[in-house]
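Which chain is which? They are A, B, C and D, in the order written, and residues in each are numbered from 1.
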Amino acid sequence: MTESGGRDSDTGRIETFSDGVFAIAITLLIIEIGVPHAEGTESLFDKLVQLWPSYLGYAISFLVIGTVWANHHNRFRLISRSDHILLFLNVVFLMCVAFIPFPTALLADYIKEEEHRVTAVAVYSGTLAVTAVFFTLLWLYAAGNYRLVDRAVDPLLLRAMTRRYVVGLLLYILAFVLAFLSPAASLGLIILLALVFVLPEPEGSRGARRTRRRSVRG
Amino acid sequence: MTESGGRDSDTGRIETFSDGVFAIAITLLIIEIGVPHAEGTESLFDKLVQLWPSYLGYAISFLVIGTVWANHHNRFRLISRSDHILLFLNVVFLMCVAFIPFPTALLADYIKEEEHRVTAVAVYSGTLAVTAVFFTLLWLYAAGNYRLVDRAVDPLLLRAMTRRYVVGLLLYILAFVLAFLSPAASLGLIILLALVFVLPEPEGSRGARRTRRRSVRG
Amino acid sequence: MTESGGRDSDTGRIETFSDGVFAIAITLLIIEIGVPHAEGTESLFDKLVQLWPSYLGYAISFLVIGTVWANHHNRFRLISRSDHILLFLNVVFLMCVAFIPFPTALLADYIKEEEHRVTAVAVYSGTLAVTAVFFTLLWLYAAGNYRLVDRAVDPLLLRAMTRRYVVGLLLYILAFVLAFLSPAASLGLIILLALVFVLPEPEGSRGARRTRRRSVRG
Amino acid sequence: MTESGGRDSDTGRIETFSDGVFAIAITLLIIEIGVPHAEGTESLFDKLVQLWPSYLGYAISFLVIGTVWANHHNRFRLISRSDHILLFLNVVFLMCVAFIPFPTALLADYIKEEEHRVTAVAVYSGTLAVTAVFFTLLWLYAAGNYRLVDRAVDPLLLRAMTRRYVVGLLLYILAFVLAFLSPAASLGLIILLALVFVLPEPEGSRGARRTRRRSVRG
């Protein structure tokens, strides 16, 4: 058993716990949608259609958390050591992820009411922006000077990743600012960001990953 | 460590996350059943008996999600690589699975009311049909031209699997259509489908599985 | 890689999913306890004390599910193969386990009301008895003629396990019957059973376990 | 496969189950925060600001459970065997952890009401103190005379750990007592404790850990 194997296991434990939180947060989204009450001759179908903001919020947040999970997981493939600051940043980051069901329910409840729409979308996009802040901090801390990242990783890849996250963060902050001008545009940008971050990552990622793993188990 | 080991690990990560979502969605079903209020001389037993639609919905959905989990898991034993489209299709598929507690609660609340029964059963069977659509798409994408499936898998097995899922999908769509004619027949078909899909899969599955694993670890 | 390795992995997948359901069901128990409302000069402390049936229900169910988890886990250490009937029995068994939060909330709500106490305790103990029925069926199916159990396991151990579960099942049925005569005695028996089943199992278990694992990995 | 490997697996199973309970308890915290109702010209923003006790409770409990998880996980790296008493103490310990969402909701609901504040903070800090009692008991039982701890662990490290937990326990009891004098000071101490326990552990931990793992897999 090599040194790096021991270190890898340190981050493995953080990953397993984080994956649990992601899976639960994403599945809890559904319990925020209450079954509508249709009495007498009211149409249940109409009542269900009126719940569209809840379905929209569910779909966007599911996509966002799914994307954040994929990115978190990919990042931890490059991070091969852990320390107490990483642990702390990760707990605060998870605190933001697990919080997402609340602004999602807020969005679903108030998106149809003109006077409250800006507040609801701003809280929603603001939560995602703060989540992005901690994700970026976590990455900058781990990747800076190869502090916790495997030394075999290509420096060009590290820089590409950093660029990716800083740009992502700026766009989430833009979504927050947009919420005050056009809530619809803000939500559109958030959906776009979730879809873009599902796209393939910069070149070199897979290679580096495979290299590192080989050194761990080989 | 071989090439295919690295690829296998790619799908392993998707499987673990998916399993978490399945386990949580299936267990969350219970919180949709509220404790009845029996006041004074009312019989608590009668109140509990009147909740039978909730128990029925719980049992059907538990069986359905359990079956879907088993099929998902079996399929990922044949899928040995992953890419971003698979990841995306899987997230949308999980979005459908995690949604199931909502139409289950709807079914439980309205199955006894004649004027709303058709809507409730249609939404329930419709959700399952959409879930089946994405499961089938996921499989067709992975298995087409051996895109992400292990090349050692018997082509006859692949075709048998595809047939199985397409037929399953058509039957779920039939259940959706039936909901408008006879809600009871629709639910009956759904229960039947859950029981049938628990049955053994076409021949060759185990062999192929064993072959692939041997190539991964051996 | 040996034959039995592949089989072991079959049950490993069932175990992981079951463990997820156990962990979620046990943790969901808390959300059935609502925060009390104390207005004006009412004592919040008194209100909290009046919630004692909720704490009692929480503690008993937590202990029961914890014990059932430990027994389930220990049994799957002896079961080295799986088939579709085992899978089905396990899903029905998990359906019972995931149901436990509902009769727990029922118990907490009605144990203080004399006219409803018998019903609440009977439903609670009845749920546990049905859970024990499926656990015993699962074991009898797997262990009968060494159907799915490792052949290296001592037959005396198998018989001791079967005796243990059949006696346990009879005692849970007794708890159900007792509910109609003395709800307190019924609950007392349930607590006793949870504590007894945490006790060490019959001799030979560890030895057999170690033997099997060696044959799997060695 | 060595003896200690089999023992290690015994605790691995406890760890996986415990990690599931931690991840679910920490993520369930959010569902205790209900979306506020803003009608007509009321400011949704003001309503959200008034919910600050809920956010505070969420943040403190998330930090506390996160810290407890990290400590539990680190401890089980030194514990290499399990027995029924450890299993029982761990179930009771998890019962306390999974209970935390309830006093958290209580804290959020009553911290602003002067007449109920002491009760709410006392119940909250009391729950954490009881949790610390069982964590310390679990450790004392496992570490006493190297009962369940790897014999390769440095005795100085064991003593440092014991000191750490006993001091932590006394400080949680102090937080409980403080609740009656100054609820704010009590909460301040709890936040401080969560932050302190995230800090690096006494020297020697990593070394011992690495030693043990080598003996298990090597």
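Annotations for the structure displayed:
By our rule, a residue touches a chain if its C-beta (ideal position, glycine included) is under 8 Å from a C-beta of that chain, and two chains touch if they have at least 3 such contacts.
Model, not experiment: these values are computed from the prediction.
Look at the contact of subunit A with subunit D and you find different residues on each copy: under half of the numbers used there are shared. Subunit B and subunit C have CA centres that are 25 Å apart. Between subunit A and subunit C, the centres computed from C-alpha atoms are 36 Å apart.
Within subunit A, contacts with two or more other chains are made by residues 20, 24, 28, 31. Because contacts link each chain to exactly two others and close back on themselves, their graph is best described as a ring. Chains touching one another, given as pairs, are A-B, A-D, B-C, C-D.
Every residue of subunit B that touches subunit C in the complex is listed here, in rising order: 19-20, 22-24, 26-31, 33, 35, 38, 41, 43-45, 48, 58-59, 62-63, 66-67, 69-70, 73, 198-200, 209-210, 213-214, 217-218. Of all residues in subunit C, those touching subunit B in their complex are 1, 6, 9, 13, 16-17, 20-21, 24-25, 28, 31, 83-84, 87-88, 91, 94-95, 98-99, 101-102, 105-106, 109-110, 115-116, 119-120, 123.
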